[in-house]
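Both complexes below contain subunit A, partnered by subunit B and then by subunit C.
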Partner chain A sequence: MDTIDKIAVYCCENSGLLAAGPVTDRKILDSIEIMKLPCSGKTEMGLILKTLEKGYAGVMIVGCPKDNCQFIRGSHRASKRVDSAKEMLAAIGLDPGRVRMEFLSSVDSHKFVKAVTEMWESLKIATS
Partner chain B sequence: MSADKDKTGVVLCNCGGRNFKKEEIKSLQTRLQFSSGENLFIQSDALCTKEGAASLKETMSKKGIKKLVFAGCTAKKSGETASFIAEKCRIAPSNILEVTVPAATPEGEKDSPFGMKEELIRSVVKGINKHIGILEGMETFATKKVPLHQGVLVVGGGSAAQAAADVLTGRGYSPILLEKEDELLSLQGQVGSFTATLSTGGGVKQADCGAVILASGFSREKDAWTSVTSRFASPHLVPLSKLADAAAELPRIPSGRSVGIVLDLDVDEGKASSETACRTALQLQRQDGLQVYLFCRDIRVGSLPLEELYDDARDRGVVIVKYENQIRISGTNGTTLLSCTDAVLGNPIQVACDLAGISLYGVAAGGDTRLSEITGVDLDSLGRLQGNNIHLFATGTNIPGIFVAGGCRGNVYPPEAEREGRAAAGEVDLLLSQKELKVELSEAKVDADKCALCLTCIRACPHNAMKINREESVAVSVPEVCQRCGICAGECPAKAITLPAYTDDILLAQLG
Partner chain C sequence: MITAVQKPFDEIYEMIQGYKKILVLGCGTCVTVCMAGGEKEVGVLASAIRLANGKNGIEMDIAEDTIERQCDREFFDDVKDKIEEADAVLSLACGVGVQFSSEVFEGKRILPGLNTKFYGTTLEMGVWSERCAGCGDCVLETFGGICPVARCSKSLLNGPCGGSQDGKCEVDPENIDCAWQLIYDRMKSLDLLDRLEINEPVKDWSTGRDGGPGKIIREDMTL
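This part shows the complex of A and B:
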């Protein structure tokens, strides 16, 4: 299995994608791959696992703040699914920290950068 | 992807040598060697003119080029030239990518960043196959026209419902107004074609409508009062609406009598409660030997008449106490003891009243679950119709085609409730005046072989778009209701549901 030194970031197009838009830091942009979802609630367990199977270092799901989801309950559902994905990873002996859920609004670019940086740091600590 | 085999043409658009210098072009041709080795370099002038495009088309058909990456200047808006060339050269818009390069600097000045140009073009050429792959993976969807029934059902007989009905009538609709004695028994169907079963004075009947406005007012007085009496044992408590009548029956005693009014018992209330409280307080305070104490967390007087009413009440001697956290109510020796902490000074305050009126709008109780169950509209944390979500404000609900206004969504201040009624009517007009909805058939698709009818999607869908097809024993998504969020696809334990525009293949193709 090839390892890819990147975090796959699945962004809700209503919040996360807009938050990621203004990020210009090359170091951050080179370390992530951004994918668009219609809603973070679309996140499927299989997709998370397939992405990890492809060799990505981590998967981050970015959804709207819980009471502010365009589709009412999407990010709430997504967070539950991310929790169970973590459990699944732990059960097969992988680091559950490789999956992470963030709740960001469309203007939270600084929080987006912070979350990516934090995730990288925790992944590096876990692997070293 | 078949597109991989086609040759990619890289066009350097170079009007009058503005973008690339001769040596730059030569160097790019030797340095930009791609794995396929089939990429062709064409140098061209004025691609954004008819002549330029015509000559490009000729070259392309001669050399069998199906995909283009062109590097050009910023003379036109990004994408404009690309779509122009795509149209003139008859290639799919997905097969052309544009990259803007910085202009070559005049002789003698420091060179424009050549390395950057190379990198830019290289990345776009690399990206075009991915780009085509993603666009090819996406189906183009057929559309369907859904006729919108022009009937409107307005549930409620209050001012909000009346205002909504008035606006609708003014705009040429004939709304069915369901007043207090009538009842909505069930609501089937979806936006554009609801069927409501109504119980009216003339018996049970069915009515078709394209949209529904719920403006049924505040209907939890009974629940709220039960909640108050179960919590506080004092016999000298009445609902605020009955306080004036109850106070009239108080025995006259020389030392005077005192009456308390409690607002914001559990939750903060709005202007309507402030108005009622101030009016009742004024009316009582005017009577001989009666002192009124008004307890509230905040008085809301955000309009001129309310401000004046509040001032008047204070001038007449109503004592207004702004309390913090919870107010305690206990009954001793024929009086009701109201105790709280003052919000400004932090002092404890205790007032013994002969009678206390509790505003029921501030009591957290049960909730109007009946309408919610019938229509599928979410309740908020206080049990009012309309979920706690800013995207729904002011009159929207989680169900397309159903709108809320006034008391049932928690706003009981008459001017605002009426405004909401009018706003809801406006929304209905906006929807129904289209006469038919043009719906792209990109809704969530259910694989009948995999679907076990476990009803997970039906529970998960926030918009009630999933229905059961009983003949084929499969869940189906109604295209005009489905909002394409994919929550059902994410939840389905059998992976029977896919969202066509976001299949796993498309998402994983983006990952590269």
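This part shows the complex of A and C:
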């Protein structure tokens, strides 16, 4: 299996993608690969596992705040699927911390940076 | 439809150890509807196995495919070669499909990836509920379309037991409705309450599972 030293960040185009837009910190941008989702509710277990199979260090799903999802329950649905993926990773013997769900609004760029930084640091600690 | 759930991952993983080439074979009918063994679930399970093998340093070739259903011979034609090439097949069909695959491909190791549960229906996305016990002598006409054999925890045929409280079953009051409450309400809505006063005689259970493995032969349909 190839190793891609990045976190795959699947961003809801209504929130997460807009939050990520203004980020200019090179260190952050080099540690992630952003992919667009029409809604974080499009997340399924298969997407998460296939991404990890490709060799990404981790997967982050960024969706709308739970009480303010563009599509009502999309991010709520994504969160449940991320929980299932964590259980599957634990069953496989992999670190459940390799998958993470974040609820961000379109103006939460600073929270986006914080979430990526935290996840990267926890993944590096886990592998050290 | 027949419903099933996937076996715990560690049980599946233990089953496939020692094989070099595995085919994860899904079924496109009942277990797709109950989201246990369809194409999507095949993909997820195959990924999970590859990730586990990667972690454990195990070399194993994992192939994936899904056919319309594994309980009819004609659908195996498209995957015949893949099955023959595999050391073992991890079937995500119900118990019928796993067994029939074993019969069609004699000598091939066919492993069950699911636990078959019941004949049921989809109440809403992600929720399935038992409706039929396959008793072989349907009594739904007598009970307004609600089956006391499948839906009463005790399969009572002449009214509720003393454990029926507020429309719930004492076996699991949070999750199980009392079937007899449901039957009463249904018969009342159909204006057939008086029919419940007719004593239902002792059931002949031999028409179903209790009579041994079943077989149906339609002489007019055999070639």
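Following the convention adopted for this analysis, the second predicted complex is superposed on the first by the 128 of 128 C-alpha atoms of A that agree within 3 Å, B and C clash if a C-alpha of one lies under 4 Å from a C-alpha of the other, contacts with A are read in each partner's own complex, and residues count from 1 in each chain.
Please note the rule applied: a contact is a pair of C-beta atoms (placed from the backbone, for glycine too) under 8 Å apart; a residue touches a chain by one contact, two chains touch by 3 or more.
Computed from a predicted structure; not experimentally measured.
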Could you say whether A:R81 touches subunit B, subunit C, both of them, or neither, answering first, second, both or neither?
first
Could you tell me if A:C39 is touching subunit B, subunit C, both of them or neither one (first, second, both, neither)?
first
Under the stated touch criterion, which partner chain does A:I72 make contact with: subunit B (first), subunit C (second), both, or neither?
first
Between subunit B (first) and subunit C (second), which does A:K50 come into contact with in this model arrangement: first, second, both, or neither?
both
One more residue to check, A:K124. First (subunit B), second (subunit C), both or neither?
neither
Examine A:L94 and indicate which partner it touches, taking first as subunit B and second as subunit C; both and neither are also allowed.
second
Classify the contacts of A:K27 with the two partner chains as first (subunit B alone), second (subunit C alone), both, or neither.
neither
Could you let me know whether more residues of subunit A are touched by subunit B or by subunit C?
B
Just checking: does A:H110 make contact with subunit B only, subunit C only, both, or neither of them? Give me first, second, both or neither.
neither
The intersection of the subunit A residues contacting subunit B with those contacting subunit C is 44, 46, 50
Within the complex, subunit C is touched by subunit A residues 1, 44-46, 49-50, 52-53, 88-89, 91-94
For subunit A, which residues are in contact with subunit B within the complex?
8, 10, 33, 35-39, 41-44, 46-47, 50-51, 54, 56, 67-74, 77-78, 81
In the complex with subunit A, residue positions of subunit B that touch it:
378, 387-392, 398, 460, 462-463, 483-487, 489-491, 495, 499, 501-502, 504, 507-508, 510-512
Quick check: in the complex, which residue numbers of subunit C touch subunit A?
8-10, 40, 43-44, 47-48, 50-52, 54-56
